[in-house]
Amino acid sequence: MTSLKIPASVPSASRSAYRQNYAQLTNNSGRLLLIAGDQKVEHLNDDFVGAGISLEDASPEHLFKIAAASNGGVLATHLGLISRYGHDYRQVPYIVKLNGKTNLGTDEKNSAKLWWTVEDIIDFKQQSGLKIVGIGYTIYLGGATEAKMLAKAARAIFEAHQAGLTAIIWVYPRGKNIKEEDIHTIAGAAGVAAALDADFVKIKYPYNLKDQKTTATKYQEAVKAAGRTKVICVGGDKRSVTQLLDSTDKQLKISGTFGLAMGRNLHQRSLEEAAKLARALGAIIFKQKTAKEATAIYKQKTTSSKSSGFLGLF
Amino acid sequence: MTSLKIPASVPSASRSAYRQNYAQLTNNSGRLLLIAGDQKVEHLNDDFVGAGISLEDASPEHLFKIAAASNGGVLATHLGLISRYGHDYRQVPYIVKLNGKTNLGTDEKNSAKLWWTVEDIIDFKQQSGLKIVGIGYTIYLGGATEAKMLAKAARAIFEAHQAGLTAIIWVYPRGKNIKEEDIHTIAGAAGVAAALDADFVKIKYPYNLKDQKTTATKYQEAVKAAGRTKVICVGGDKRSVTQLLDSTDKQLKISGTFGLAMGRNLHQRSLEEAAKLARALGAIIFKQKTAKEATAIYKQKTTSSKSSGFLGLF
Amino acid sequence: MTSLKIPASVPSASRSAYRQNYAQLTNNSGRLLLIAGDQKVEHLNDDFVGAGISLEDASPEHLFKIAAASNGGVLATHLGLISRYGHDYRQVPYIVKLNGKTNLGTDEKNSAKLWWTVEDIIDFKQQSGLKIVGIGYTIYLGGATEAKMLAKAARAIFEAHQAGLTAIIWVYPRGKNIKEEDIHTIAGAAGVAAALDADFVKIKYPYNLKDQKTTATKYQEAVKAAGRTKVICVGGDKRSVTQLLDSTDKQLKISGTFGLAMGRNLHQRSLEEAAKLARALGAIIFKQKTAKEATAIYKQKTTSSKSSGFLGLF
Amino acid sequence: MTSLKIPASVPSASRSAYRQNYAQLTNNSGRLLLIAGDQKVEHLNDDFVGAGISLEDASPEHLFKIAAASNGGVLATHLGLISRYGHDYRQVPYIVKLNGKTNLGTDEKNSAKLWWTVEDIIDFKQQSGLKIVGIGYTIYLGGATEAKMLAKAARAIFEAHQAGLTAIIWVYPRGKNIKEEDIHTIAGAAGVAAALDADFVKIKYPYNLKDQKTTATKYQEAVKAAGRTKVICVGGDKRSVTQLLDSTDKQLKISGTFGLAMGRNLHQRSLEEAAKLARALGAIIFKQKTAKEATAIYKQKTTSSKSSGFLGLF
Amino acid sequence: MTSLKIPASVPSASRSAYRQNYAQLTNNSGRLLLIAGDQKVEHLNDDFVGAGISLEDASPEHLFKIAAASNGGVLATHLGLISRYGHDYRQVPYIVKLNGKTNLGTDEKNSAKLWWTVEDIIDFKQQSGLKIVGIGYTIYLGGATEAKMLAKAARAIFEAHQAGLTAIIWVYPRGKNIKEEDIHTIAGAAGVAAALDADFVKIKYPYNLKDQKTTATKYQEAVKAAGRTKVICVGGDKRSVTQLLDSTDKQLKISGTFGLAMGRNLHQRSLEEAAKLARALGAIIFKQKTAKEATAIYKQKTTSSKSSGFLGLF
């Protein structure tokens, strides 16, 4: 990560802080394994209790255990959870998600408002001593709240950069007649993130198309449109470990993305399973291993001894 | 209460204040008997005058008398009433309710706005010398005002914690097709409170299901979803003393909740009756008595002598 | 008025100011004769020119002349009029009305916004040297703007108290299916004022019911619901002097109210008539005279000599 | 103008500034010739190019030339134009119009928002050295934006007075079933301006009624309702010079108004014609000449010599 | 550019900064070649990838390369892109576009909100050392958001001028029954820009009318209506080089405009083609060459040697 291009919106006095936050965010690799932990709000308890979901997932602490065991992942979640568990998981780098909405009801919900100001996050980082490395914000393009979201995101990113924090945005086109899985549309979303000065943008990936190699090639449009803002793909619906490792490998090697975001595909598994999967993904993302090599890592026996990789973090 | 986990959003300079407020809030027990006194706004005069309601309930002072006699309860009400009666009931700890709406009319009412800022409350606490131990805020999930409420609540809780105040939120899913008494939905509401960094969350409890023991067991989902945010249940419609003590006992012992909120079930009774009931509930909540033991306490004769438990507070 | 209970929202540094403002507001009696002068906005020119209205009422100065001659009344009006006439009527105590709306058109009008901040009023009082004793604000309960109004009122009252100013609110339930003259509903409005920390609340009175003594007795519900916030009744439609004095007497002696608000019933009369009526009402309110005694006062000949009661104020 | 009543909202430190601004505003007469120059926004280019409109009107500079030649008129326009031409027309006093809307489209447009804060105007006056003598603001009564407009106007006027600036408001009842030309309704609008503390209020005048003398007499209702806020009438549709001088004379002498506002009736003429008309109107307004005398002044030959009245300003 | 009229809203302390920014903005000519680079938001990826579009256009860096090669053009784009590429293209002057909306969905989108405050831009300029010469803002007249846009634009322009920055606004009438290509309507838009104090206004031009010479003559109405605010025309749909040079020549020489804005007509070409076209346009705009002379410049062979005009900038 010797070649980090610091955006001009980071003033010189904040550049060393930005470098440090960026390094912690990306496990010193310039690439990102994002553990998405904002579903307590987005999907209420639907993602945490139910058929095929590990009983360990019932408590929010499960997210922190996975992050701690992930060997390089960053946990993106709301401030409340970090406030409650952060001091017990000091090794984990955190992205504070600044907005959100539930899946209840049918009303269109405006979730543009920031729950906390960037200044609050800066205070929180300093007071807590936790590795708060940046902010996260979700934008829906195409609807009545687009304008508010764009304005809030732009300002939040600018304020984050001013203080040396990194900024990640989730950008999803939404609404009637909008093809959410169309690569050209997704590329547009990526370009918006570039105009907003995001460091990373989390966008959709069409996992269900037949020819995954062709898809990964076409997906270069989105990576190019994002310019120097780095693209990470959403993890998508629950898939097998083999499929996950394979698609991640193709995204990074063919499309040119810079990492992956994983939510349900991690936390609905037991801690042991999730940790193995995270380590395998990390091998692809951080160490440029192939899908095959990563599968071998996934299949390694883990031990609970102090010398093991992920439990040593506790 | 030796093991109080102070949230990371309380800076070190405010930790001793938070400890003191938390101790006063929970009667040094880590558990909570909340006397809900915001119905002057929520239900206008409907809860205070009518058939089966004690004549003593006509004046708002009744709430303060009950709180003073409750031996450990905290009164949650709007600042106006505390401003008028607080100096005559200095022993009572108060939660200042920051929002509210009436039951008049059919328009959907947006009650997201804070009536007072947290800064106002901090000033008020310091100026008045009253035991203002925290703030309260009601959120309705699922409707058009959800986003505003989430943002206002998150910020208010953060500001309260910054100053060492505690924060309690009422979280109710509301709207078409939303099952307000479904435990899985309630658990979702509890999880939102955790994401918001609330100290306690007041949520619904399905009192009308047949098998109360099974219900209490299933209700563990909500307690787990709330993580380190503590769950208290609403008191519900008027029920017999036996039912109240029994359900409270099951909630604490089986579900793992941390207390109870009581409104009409207390203040619609005479002061004498309300005080007896509050003391019995307190025995379960603060001293882990059984429902049976609490019933015995309820049946004890109270005296007006100085040595009696609750009148000694005056 | 030795027993004034100062609300806890008045900090110690502002208590002597509050005492003085309260004394001027209530003519040293703890009770209030409010001359309602906000109709230039609320009813445009309809209340000031027309059949049965004194020609003297065409100019806004008429309101000031009446207030000066009322021997104890306070004039509640918008800042503009006080700014223009106040220096010529320095003896009059003023309540600055902070919001308002016209009767034009059919759109629902949101009149929640404050025309001036409380800080503006504090500056204005200090700069002008006028007897600005408090603020006034109107709330409509039950409609789409209820939430905004409650929040604005709560904050304005708090700010007023912080500076030692008094606060009066007008509270009117409004909308479909809302019985504006139902005492139970009115009592609810009074309770809301208590939750908001108002010093006085101006509410409706059902003047048209047959048995006025029974009505006055039932109206105790509203006075009780208001707790330590004092109730004053609106003056209502134009009625005879006998009716006005009689109903006021019953309100104070039977219902337990603390005064009266008078608009059209005063200013649509000539200055001479209005002054006589105001003095008679003042006798009931400030000196606890009976309706009969007040009628005698009303019938006294007034002189324009310096020694006369009300003209001596000029 | 020895008897200027300074409103109480002008603090003592700003009184001399207010006196000076008021004197410049009114050409030392206490009465006002307002050159309305906000149509670039209100009517786009419709008022400036077309049949019967002087070619000179195509450029906004025409407004400034007329104002400079008017011998006592004040130009009310948006800050942008003053910013561009003011330094070339330093003799002209300016009212900065703070809001506006176009005539495009059918949507109801909310033009309550201030384009510049009063603080901006104060800075602009001081920085530019121009004769910025006050602010202007348009209110529409009766519609959905009434409340916002009233609140914005009240605050802007207060802030202007605090700094010694004068304030003029345009008040127009608008909407279904509202009779815009009814004198009683217009009088209501005038009364609102008084409640808002405006120095001058610009209101409609029913120019099309048959008996203009009776109309002028009835119009006294509006002047009385405005109290100490001074009434000026709008100029209305394009009329002949004779009609203009005659109606202005009647308004001042019979109705008791304090001046006139002129837009299209001035700037759609050539500079020479407009200057002659302005001087004739000024004779009525500033020097209490009769319509007949003013007509004679209008017919005087003007010269471009330095000794002439209005060109001497250049 | 010896005759630059500095607007009165630029205080004396900021005049030298304004002069410098204005000189950089206009290539020392008082006229402007604006490279419009806000389509990443306005049209998502539609303008950058597709039939007839150079592959070089897939990355946002293409815009910067064109600007650098344009020999006098200014790049108007969102802060995010400048933040990412600005330090590699330090010679380019930048206009920061402050608002924007996407072309997704059918909802009317309110894009009035500023993504960054003018204060942010001032900080950004100072911190980055980049040639940030001014701000840009788009207004739609005629719709529900007109009022917000006018107010935001006015304030932003004022703040920019206060700091010595220049301000350019895009003004487009939009909506039912509005003739967007009607010169009289366009002239109205130009007049609004003058009222707002813009330095340059970007407006439509009816490129599709038959007689382009007559059109250019009629278009003088817009230039006159804008007063001292300078008009630049949008580039319009993709046209041939000959057409582009010819219409630009007529706009400047006949209509009296002060430059041109070019988006797709530049960046959809290869860098080499775009650079040639930009230089030819610059010859007309900056050096008053004829269309014929500019065509000759366009046809010149460019070299990549250091001594060549546009590559020397790298």
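Odds and ends about this structure:
Chains here go by letter, A, B, C, D and E, matching the order in which they are written, and residues are numbered from 1 within each.
Simple rule for what comes next: contacts are C-beta pairs under 8 Å (C-beta built on N, C-alpha and C of every residue); 3 or more make two chains touch, one makes a residue touch a chain.
Just so it is clear, the model here is predicted, and its values are computed rather than measured.
Among the remaining chains, those touching chain A and also chain D are E.
Counting hops only between chains that touch, chain A reaches chain C in a minimum of 2. Remark: rotation between chain B and chain D after Cα superposition is 145° (nearest 5). With centres defined as mean CA coordinates, chain E is found 59 Å away from chain B.
Rounded to a whole number, the gap between the C-alpha centres of chain C and chain D is 37 angstrom. The set of chain A residues that touch two or more partner chains is empty. Viewed as a contact network, the protein chains form a single closed ring in which every chain touches exactly two others.
Circular chain order, beginning with chain A and continuing to chain B, reads A, B, C, D, E (contacts as defined at the top).
Residues of chain B touching chain C in their complex: 38, 40-41, 44-46, 48-49, 58-61, 77-87, 99-102, 104-117, 120, 123-124, 127-128, 130.
For chain B in complex with chain A, the touching residues are 5, 7-9, 11-12, 141-144, 146-148, 150-151, 154-155, 157-158, 161-162, 173-178, 184-185, 187-189, 191-198, 221, 224-225, 227-229.
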